[in-house]
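Presented below is the structure to which this report refers.
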Amino acid sequence: MIIIVKQNTKEERIRDLIAWIESQNLRTHVSSGDYTTIIGVIGDTSKLDEELISGLDIVEGVKRVSEPFKSSNRKFHPQDSVISVGDQKIGAGHFAMIAGPCSVESREQIISVAKSVKAAGATMLRGGAFKPRTSPYDFQGLKADGIELLLEAKRETGLPIVTEIMNANHLPLFEDVDVIQVGARNMQNFELLKELGRIRKPVLLKRGLANTLKELLMSAEYVMAGGNENVILCERGVRTFETTTRNTLDLSAVPALHELTHLPVVVDPSHATGVARYVKPMALAATACGADGLIIEVHNDPPHALCDGAQSLRPEQFEDVARCVFQIRQTVQQLG
Amino acid sequence: MIIIVKQNTKEERIRDLIAWIESQNLRTHVSSGDYTTIIGVIGDTSKLDEELISGLDIVEGVKRVSEPFKSSNRKFHPQDSVISVGDQKIGAGHFAMIAGPCSVESREQIISVAKSVKAAGATMLRGGAFKPRTSPYDFQGLKADGIELLLEAKRETGLPIVTEIMNANHLPLFEDVDVIQVGARNMQNFELLKELGRIRKPVLLKRGLANTLKELLMSAEYVMAGGNENVILCERGVRTFETTTRNTLDLSAVPALHELTHLPVVVDPSHATGVARYVKPMALAATACGADGLIIEVHNDPPHALCDGAQSLRPEQFEDVARCVFQIRQTVQQLG
Amino acid sequence: MIIIVKQNTKEERIRDLIAWIESQNLRTHVSSGDYTTIIGVIGDTSKLDEELISGLDIVEGVKRVSEPFKSSNRKFHPQDSVISVGDQKIGAGHFAMIAGPCSVESREQIISVAKSVKAAGATMLRGGAFKPRTSPYDFQGLKADGIELLLEAKRETGLPIVTEIMNANHLPLFEDVDVIQVGARNMQNFELLKELGRIRKPVLLKRGLANTLKELLMSAEYVMAGGNENVILCERGVRTFETTTRNTLDLSAVPALHELTHLPVVVDPSHATGVARYVKPMALAATACGADGLIIEVHNDPPHALCDGAQSLRPEQFEDVARCVFQIRQTVQQLG
Amino acid sequence: MIIIVKQNTKEERIRDLIAWIESQNLRTHVSSGDYTTIIGVIGDTSKLDEELISGLDIVEGVKRVSEPFKSSNRKFHPQDSVISVGDQKIGAGHFAMIAGPCSVESREQIISVAKSVKAAGATMLRGGAFKPRTSPYDFQGLKADGIELLLEAKRETGLPIVTEIMNANHLPLFEDVDVIQVGARNMQNFELLKELGRIRKPVLLKRGLANTLKELLMSAEYVMAGGNENVILCERGVRTFETTTRNTLDLSAVPALHELTHLPVVVDPSHATGVARYVKPMALAATACGADGLIIEVHNDPPHALCDGAQSLRPEQFEDVARCVFQIRQTVQQLG
C-alpha cells in the first residue's frame, strides 16, 4: 500500500501515522520528495482499512499495490479452479449449463422442466424454493416443499440442483442440495457468507445490484476465509439508468474476473435483461467472451405459470439457445 | 393497476389474461380503443406482481395507480407517525439528534463520547457493536461486549441507544437496545426484516446503496406487515459515478418520502459523504429540507481511534454542528 | 399515449386538459372507471411532450403506446437498413470492421496502420483528427492536417475513412471523409445533429455516457428528420460505479436496438473497456450477439505513440482479434 | 503525479517510461522498494495525460498529487471569486436569486413573470430562447425573438438576463445578454466552451448528467484557459436509477466545489427534481449548505403555458420560496 501524504504536513503527524501503521506488524518505507511524502507499507496489508487511512486529514491519497483479496486472487493461485458438482465440473474448460424455472411450483412442473432441459443439454437444474421478493405480499416460494420437489427432480433426471438460500438457519434443509446460491441482494449479507464458509458445498455467489467486481471478490473471500474454496461467481447485471432492460449486463466482468481470480464465472442473462427475447443473444455473447457457464430461466407452460414472465424461455426455446451456445463454445475453444 | 395490451393482440389471449387476473380475486374494467386495449384492475392489487405482468409478450406496459405499499403509505395514514424511543420521540415535529462513534471500542471511549454528545444536545447515542465490513479481514466490532458497553453508556447518560443488527439470531442480545438499525447492505435481507416485524422495538432502516425510495418503502413494509409499525427511514447516500464523496447524498429523498409515507425520515451525512468537512453543510441542508433527525459520527480521540476516519467529527466539532442544526431547525419551524 | 388522471380530480380540470390536447390536432378517448380516469390520446403523439404532461398536478402517470421516434422506428420500416460507405456496406448482414489509431499522428503512422489493418481484414479506417479531451491542456489532435493524412491513407489503401466531427463549422473539411463520427459527449449536441441532417453522408452516432437507448434513437431522429437516413448507431459503454473498466459495455443494447430500430448497430470495445486485454473477448461477445460491426483502436508502434494506451491493440493483436471475430461471425450466421 | 510501476517490470522498460516523461519537460524522482517502484513526477503535470499513463501495461496505478485544473483551483486562488453581472454580484457572500420561465413564450408572459419575480426578490431573470430538446419534434424555443423579448423584460425591470446558448454561431445574438448559460448536455461541447473563453461575459456552466465534479472543473478550465474567468458553476442533479425525481440533486457538490475551486456555485432545484413540490425544500437545503445562488423556474399562468410543467412554480409560490430562502440565508450567515 502506498500512502501519499498531503503537502506541508507537520513531521510529527507523519511520525504518528507511521508509528500507528508499524504497531500493526507492518513495515514502512518512507520517501520524501520536494512536493510530497510517500509512505510505502510492506507486509500483509490486506488487513489494513484503506477507507480509514484515506480519510485521515493528512492523507492525500492511498493506492493499494496488492489487492485485499487473497484466497480468490489469481496471483497466488494461477491455475483456474475446477469445482466439482456431483459428477459435473465447472471451471478450467468445464462449462456448466444451468437451467430451470424461476420458482418451483409443483411436482409436475419441476420434473417436466428438468427432463426437457436435460434433453437439451443442461448440466444442472435450477429452481427457486425460497424466493427473495421486493414486496412482502408477493409469492415467497414453496420453501421446504420446493426443495423436496427439486430433490425429486434430481433423482428422476440425475441433474445436480442449484437453489437459493436466504437464511443460514435453513441450512439443514440444504443438506442434499448440490450448489447453494446466494442472491444479489444478499451478496453483502456477511453473516450468511460466514456460515457458508463453514460448509464445503459449492456456493454460487451473485454480484449485487451496485457492487464492484472487487467487492464481489471480497464477498467470495468471506466464504473462502472460512475454508470453503468452492465458490462460483455469477454476473447478473448491475443497476443503471437504462430502462429497456431490467438491469445492465456487464459482460466485461467475465474477462476482468478471469484476470483477477481463479474462480469460475457464470452469467445469468435471464435476470440481467428481464426479457426472454434478449436471453439468446446475451447467452451467446457470454459464451463468446469466455464465461464458464450460464444460468437460464426455463418454464414449462408459460400461460399457466405463476412466474410466466418476461424473462423465462419455453423448453423449445431453451433447446435452441443451448444448441447455439454449444456451437459458439466449440468455435471459441477451437480459436484457442 | 392499468395494463396496456399490445396492438393486434388476439382476443383470446386478452381473455386468458383477464381470466387469470380475476382468478386472483380482482375485478377488471376493459376499454378497447382504436389503437389499444386497456385493462383496469380493481381491488387490492398490492399482491399482484407488476414485473411478471409487464413481462408478458402481449403487454405493452403496466402502470400502478395505487402504490404497492400499504402500511407505510400516507394515503391511508395522513398524519405523521410519531415513534417513541425511551422518553424521546421522533417524527411529527420531534427531531432526533443521534450521535456517537462508528465502532464501540472501549468503556472509556463510549462513555466519554456519550457524555460529550449529550452535552451538545444529542438525543440518542449511536455506536457499532456488530460491524458490516467489505473485507473479512477488517475489524468486525466488539459484538456482545460492544452492546454491553453501549448499555453502560446509556445508564451513565440516560441516552437511548441505536445499534446495528446483522443476524436475527443475535436478537436476544438487543433486548435492552432502544433502536435497532438495519444497515444499507441488509435493506433487502428480507429474512432479517421479517424477524424485526415480530418485535415492537423501533427499527432504523437505512436505504440500500442502489435502492429506490419505493424499494425502501417495500422493505419497511416487510417489518410493518409483521405488526411492527415503529420504522424510522434513513437516507445515507446512493452509489453513483462521482468519487469526490463516498456516496451521493440524495436529499430530495426527504420531501419525496414525506409525501409518500407517514414514517419519520432521518439523514446520515457522515456515511453519505465520507468526509468530515462536509458533514456540517450536509447536516444543515438535511435540516433545512425537513429531515426528522440526523445520525452523525463522533469519536472522542481521533489520533488513537481505530476508526479515526474521514467521516467522524471530534466532540467540539459536533458541538458546533449541533448548535447550527438547532438554529436552522428553529428558523425552518418559524417559516412554517 | 395513455394519460392516467389522479383520483378525485375535478371534472373541470380534466375537461381543460382534454381541450388543450385536442387543440393540438389530436383526438382523445376517455374511459372513467371507479378509481381513475384514463385519457387515450390518438394521432401523431410524437410531438407531444411527455415530461410536460406527466408533470401536471392532476396526472398520475403517462405511458406512451407508440414510441416518439418515427424515422428510425422498426415498426414503420421492418427491414434492416443497409448503409453504403464507398464500396462497402453495413447492416442487414453486412459486417463492418472499422480499425485504426486513436489519433492520427503522422503520415508514416496512419499509412502503416491502415495497411496492416487492411491486411487483417478491416473494411474501414478510423483515426481521430479532432479529439475531444476532458482537459484543455491535453493533445487536441492534428485537426485539418489529420484529415489530410487520413485521406492519403485512404488513397493508399482504398479503405473508406471514419473520423469525428466536433463543430459543424468544420464540415467543409469533411467533404471527402466517408463516415462522420459524432462522439459520446456530443450525442445531445442537437445543433450539430441538425447540421448533419442536412448532408447525406453516413453518420456514426455514439451513445452518450449516461444516455438511454431511446435517447440515442431520438438523437438519430434529429439527423433523420433533416433527411439524412444514413445513421449508424454505436454502443461504447455507459458510466457506472464500476472502476475495473473505464465504462460498462452494455451489450444488451445490440438486441434491444435491433428490435427498436432498423438502423445498423456497431460496438466499440476499445473505449468501452479502456483495457487492451479485454478488447478481444468483448469484440467476440459483440459479434456473437449480432452487432453489425466493430470499431477497434489499433496503433502501430506502442512505445513511441502519443496515445500508447490502455486500450489500443498492436497490429498483430488486431490480426488475431479480426480472425477470431470473423470465425465467430461465420458460426453465428450458420446458426441462423 | 505518482506513478506506481508493476512488480517485476524490467529495468529497461522503466527507463523508457522515465525518458518519455522527461522528454516533456518534467522531472522525475524514483523510489524503488522491495515490492514496487514509484516514480514521482515533478513540474506542471496538468498537461500529462493520466489515462494514457495508467493504461500502460507496466503501470499498476497513477495518483495525481496536484489537480489538473489550474485557473479554477482554489489552491492558486484562495479567495472566493466575485463575478459581476450588471450591477449585481455573485460569490464571496453575494447571493444570486435567478428566476424565470422555462421558455420565453410571449411579450406578456416574460414581462409579467419578470415583474413578479423581481418583486419577490429575484436578482436576475432567466428564460429559454434556444431550447435543447431530446426530441426534434418538441418545441425548440422562440430563438432570436425570445432573446429580444428577454431584453425587453430587462429594460422594463432592470433585471440582468440569463439565457442558454447552444451554438457558438449564435453568439452575436447574445451581445446584450448578461449571463450565457451552457446546458448540461453541452458541458463537454469543448468547441462551444472554447468560443466562450474568447469573450468576457459571465458563463453559467451546468454540470452534465453523468459528469464528475472534476470534469465540471475541467470544462470551466476550457473557458478560463481562453481568458474568460467569469465562470459560475451550477449543480442541477445527476442521473441515477432513482425515478421519483427526474435527476438526483447532489448537494454535497456545493461544499466539495467550494473546497476545490474559488468559483461561485449555484443550484437548480427545478431541473434537478422535476417536481414543483420539491423545489422549496431543495432550495432551502441548497441555501443552508452554502450555495451562492439558486436558479428557479417560475411561470406566470400555468394552465395555458406551453411549458406548464412539473417543475415550475407559480409567482406566488416563488414569493414564498424566496422569502424562506432569504430567511435561511440570514440564519446561515449569522452562524458564521
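For this structure, a couple of remarks:
All chains are identified by letter, namely A, B, C and D, in their written order; residue positions are counted from 1 within each chain.
Operating definition for what follows: a residue touches a chain if its C-beta (ideal position, glycine included) is under 8 Å from a C-beta of that chain, and two chains touch if they have at least 3 such contacts.
Here the structure is a predicted model, which is why all the values come from computation and not from measurement.
Because chain A and chain D carry the same sequence, their contact can be compared by residue number, and over half of the numbers here are used by both.
Taking A-C and B-C together, the pair of chains sharing more C-beta contacts is A-C. Chain A and chain C have Cα centroids lying 31 Å from one another. Centroids of chain B and chain C (each the mean of its C-alpha atoms) stand 39 Å apart. Among the residues of chain A, those in touch with two or more other chains are 210, 239-241, 275.
Contacts from chain D toward chain A in the complex involve residues 2, 4, 7, 29, 31, 33-36, 38, 40, 42, 60-61, 63, 65-66, 239-241. Every residue of chain C that touches chain D in the complex is listed here, in rising order: 16, 46-47, 49, 51-52, 54-57, 68, 132-139, 166-169, 185-186, 188-191, 194, 208-211, 215, 218, 221-222, 225, 239, 246, 274-276, 303, 307-311.
For chain B in complex with chain D, the touching residues are 210, 212-214, 238, 240-245, 248-256, 259-260, 272-273, 275, 277-278, 281-282, 284-290, 323-324, 327-328, 331-332, 334-335.
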